[in-house]
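Alright, structures below, take your time with them.
Two complexes, one shared chain (chain A), two partners (chain B, chain C).
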Partner chain A sequence: MNTAIEKAASTRYTQKSWLDRVRAHPAGNVSLIFLGAIAICVVISLAVPDQFRFLSTANVNVLTRAIPTLGITALGMGLLMISGEFDLSIGATFGLSSYVMVLCYSLGYPVLVGVAAALAIAAVIGFINGWITVYYGIPSFITTLGTLFIFRSGARLVSQNKPLMFAPPEWFEFMTVGKFMGIQMQFVWFLVLAGLSWLILNRHTLGNHFFAVGGNPMAANQVGINVPRTKIAAFVWCALMAATAGVLAITRVKTATTDPQVFMELEAIAACVMGGIALTGGRGSVVGIVIGAVMFHLVKDVILLARLPGFYLDLFVGLVIVFGVTLNQVAKKRY
Partner chain B sequence: MTTTPKALGPTATDTQAIASAASTRYRTQNRRQKFMRNASANIAILSVLILAGTIGATIAYPDTFNFYTTGNLSVLAQQIPVIAIMAIGAGLLMIAGEFDLSLAGVYTVCPFLAALAFTQWGWPFLPAIAMSFLTAALIGATIGFVVNRLRVPSFIASLGMMFVLRGIVRGISISSSTGQPGAISLKPPVWFEWLMAGHLWGPFYMQTLWLAVFGVGAWYLLNRHVFGNHVFATGGDPEAAEKNGIRTKQTKLVAFMICSICSAFAGLMQATRINIIDPGQTLTGLELQAIAACVIGGTYLFGGRGSVLGITLGAVLLVTVENILLLIRAPGEFMPVFIGTIIIVSVILNMNVGAAAGRRRY
Partner chain C sequence: MMENAATATTPLLSIQGVAKSYGHVRALQGVDMNIYRGEVTGLLGDNGAGKSTLIKILSGIIRPDTGKFIREGKEISVQSRRDSEEIAGIQTIYQDIALVKSMSILRNIFAGREERYPFGFLKMKKMRETAMSILNEHVKIAGITSPDLLVEELSGGQAQAVAIARAVHFQRDILLLDEPTSALSVRETNKVLAIMRDIAEGGRSCVFVTHNLYHAYQVCDRFVVVSHGTVVKSVRKEETSLDELTALIMTH
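After this line comes the complex of A and B, so read on.
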């Protein structure tokens, strides 16, 4: 009996090669390219360490300082995109919540109260975005385009366009932007939050619900998932991540401003899409988000290291975005 | 035995039967419902309200509320067309079911190239202008190609194009003297300056006329030309359109090109008026404003629904509200609050009132 079944099974399903299996993963293609790119960079920097300082401590520090801001916002955006929505207002959330943190601290409250206030404001913003989107049934692109304008001016009203200096206690500075055994703490936070996102997405019911709601909201509703609540949770998560990125970034530069963060939301979306997250929802992975965000800065870094003129920066980022997504589309069609 | 040939068309009794069937099937709609089914219904109501509000305020405070002065109206007449022409292009594309986030890039790159060719490379003026429009068409065609052939969502394709254009602007705007990106001024001949930004009469400028030309042109294209049918069909239901023999990919490609050309024209118009093109224009969020104008004007975000009147009124509303807030000396921070609220409220209205009036629900 058993052998017959096994025989039938072995003829029906041909074992896929490991390459096919990797590429069937949402982030398969981009991770292969990523590994290839890293390998090339490492080889070149080992061969000509003086011309191409990819592995130098300074360069690694620059990269690990630059990646987390985009990476953490992309983690939030990615989970939201998996549940089928966008958030264009993360730039405003970033500015407003980090400013509120600095404001609280400058008013004499402990710094952790400031952080809590920042996160609370972000949660409220996320809830408002989610509530309007879900209960009025309008596309989140529109909702968050509207709230982008609203919260941006809210941030300006709070700040009166005055920058605020931030001199946090040393332990807080060390915990957020310090160096621990040669590694930037921001990067550690990024990895921790990526791990947390992975746990939510792959080891918690909420993650299942995100995928279900993004893939097919009707079906998700039919099997008893509370679609509105799930989507609102995703919006809140996205806003929380934007606030976290804001707290880390402001602690590093020590000055809080509420200048509009142009393009932050589009860069986060681009990083997610490069990492294999479907714009329409229901497909994606945390590995993809992380790789997408790292790729974004890797391209910039390599161009700077190769001493190419500055205008290649945006040019290549644009080309890489389109190229990465094309590959993902090809993968979706084939597997 | 002879049989009478069967009547080719419907007979009188048939027609009657069809009419009676139709009258029982479809509830006749009263005038209000018919009006509300129009894509631009809400924005029209909103515009009338604003009009009434400004007239009321002018009567109440004739000395302090200077909305209806030639000076203020001419400011509006020069500012509105720029955003409105971009919004018309973006709206046409949105009706066809696609986005373009590279508008601000095209708006900057194309006039910049024209200025560069004319002032620095020594080209004659007309070829320089023609080249900038060709570039716009090429940019649109490139996005269309990436969307059609490589199946990249237009959101991403145009976002990528936006980065590319930002890079190009940065590259070509590096001045030889400072080595830094800098602004350039387009020094057009007098006739061109008049054609693009000349003063006609009272508060009317050539820009206003151009807006009328583009508006009527787009209206003709959408509502009186077969291409418009294709655009609506492509955006509404691509598969059905494809099965009806509409070449949806070609339609989208043309829509992308029209959209880019509209932004290039708006950029050229603005560049002629203020006589300077700043590379920083790519970062002003113009693409989101154009999309906001379309959406406020009742264009459906995912295609298949919209009107030129609504889009134009949407752009008018955006600029007018900003103008009124300046006039009543509201703090600058309030401006975006109003835009944001209008966007959300108008879409909610479009959806709810539309559903009540038998309009397609979101």
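After this line comes the complex of A and C, so read on.
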């Protein structure tokens, strides 16, 4: 071959640096920001432990109690978003299913029957959301905006707006919200469910299908993947996670109410977007979802510790979403 | 060539009298077509000639009003996409929607036909090994270093080659390629044409659907020209010329 061509060909492509390779991962950018933020917090709290109690036991406890509710709902939302859909009704699912658990228990059924009832209700809600969305081709934003109000009023109907006390057996309380070797059990559940989500996405047929139907439903259909069934499975998973978060949260506060969980769905979506889950579907990782959820509470925590006004949290989340999405868009154009 | 002539006696697959109407439009009005082992068949025709309908019927997406499928002399029934793959042995590769761009090559190769343990868990190690062998053996795809690359990181030709390699690996006898070269550069086109030749010479067959006569003329052994919902010419390469084919497509 012509030596001039050979020379040009050999110098045309350069090796990607390690930084580029990390940033090419869906959760690459947020992981770097996250590690940086943690490092800064640790350094400051070691330097001025009395002013900034980041590493104090009390603060770590607050964090590990707060993260799981958002984290678990985000695991559900994240896998659903990878499949190309959203669920705005998770707050209603959260309230209704946990209320039903407490109701079952107060009627004298074993607590695990209550949990099963909560999960069953969530599965039905997820199925309804998914079925309406895929079989009638309605954007899931609209479907679940509607079902949000329907299920919320359903919860009100069941509860008659009366809160219910919940005093579960000790073993149940320990297993869900107790402390084991200094670690909050809720956080353990969050990590276990994150592990399960990772298995589903990366080691299970369903995960492969989630990515395919979210990335390109036509191609997924072409290779014989049942697109409607896959999406419905993702809706059911999302609702199950919302119910699980509800069961854990209600067991901790020991009172079931059906108060509207305002913004629960938007916070879950925000955590996912921060963690690099594409709003357009087909991209994302469990590492990203976990980091997104932890980041959300980390920032909230820092703002509290630094005694800054609360609106800084909203400002930060807003900026991260806008900048995060913009960065991804810019990156896509460059490569 | 002698061997081709000998095997050409029994078609691998033939369709006979295939007709399909949409309302008052007769998209296909009785089409006969033979596909032979070891050959690349060019399915030619201008837009609106009925090519797309024929492709959809061959790949099982729509069912013809009348007509039959005959595989190696035996009549078969093709009622669905799955039948088209498993009974007729046709693997269709669509123009733009063959792969999910946001997924890795590995995930794409096995999408919809994963190697599974019980309960649907994936045999990752086996899938990875298979993917490597697909990338290295069936079709040597230049520049693909890892099955973990996302398809969107590949060039159009590489992506098309991955789609073809996947189809070849899953052991179908007939590859139906819908406009595989329409979005490719010159070099990528040559690569894809060479892959089609290799597949045919390896004892399978390709149906190359295109309206680019020059690409078709480079690789095809046989041409089927469709116009106004009928086959106006079905001819071996030796018996025709580029000029005649051009004239057929232009005038009808």
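Here, the second predicted complex is superposed on the first by the 308 of 335 C-alpha atoms of A that agree within 3 Å, B and C clash if a C-alpha of one lies under 4 Å from a C-alpha of the other, contacts with A are read in each partner's own complex, and residues count from 1 in each chain.
The definition used in the following text is that a contact is a pair of C-beta atoms (placed from the backbone, for glycine too) under 8 Å apart; a residue touches a chain by one contact, two chains touch by 3 or more.
Computed from a predicted model, the values in this text were never measured in an experiment.
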Query: Which partner does A:Pro309 contact after superposing on A: first (chain B), second (chain C), both, neither?
result: first
- request: Kindly classify A:Ala220 by the partners it touches after superposition: chain B alone (first), chain C alone (second), both, or neither?
  value: second
Message: In the overlaid three-chain picture, which partner chain does A:Val253 touch, first (chain B) or second (chain C), both, or neither?
response: neither
Task: Going by the touch definition up top, name the partner, chain B or chain C, that contacts more of chain A.
output: B
Message: One more residue to check, A:Ala212. First (chain B), second (chain C), both or neither?
response: second
- request: Give one of first, second, both or neither to describe whether A:Arg203 is in contact with chain B, with chain C, with both, or with none.
  value: second
Message: Contacts for A:Arg283 in the overlay, against chain B (first) and chain C (second): which applies, first, second, both or neither?
response: second
Task: For A:Leu19, decide between first (touching chain B), second (touching chain C), both and neither.
output: neither
Query: chain A residues touched by both chain B and chain C?
result: none
- line: Per the touch rule, the chain B residues reaching chain A in their complex are 101, 146, 150-153, 155-157, 159-171, 174, 283, 285, 288, 291-292, 295, 301-302, 331-337, 339-344, 347-348, 351-352, 362
- line: chain A contacts chain C in the complex at 199, 203-206, 208-209, 211-212, 214-216, 218-220, 222-225, 278, 282-283, 335
Field: Complex contacts: residues of chain C adjacent to chain A
entry: 81-82, 92, 94, 97-103, 107, 110-114, 116, 120-122, 124, 153
- request: Would you tell me which residues of chain A are touching chain B in their complex?
  value: 88, 132, 136-139, 141-143, 145-150, 152-154, 156-157, 260, 262-263, 266, 269-270, 273, 279, 309-319, 321-322, 325-326, 329, 333
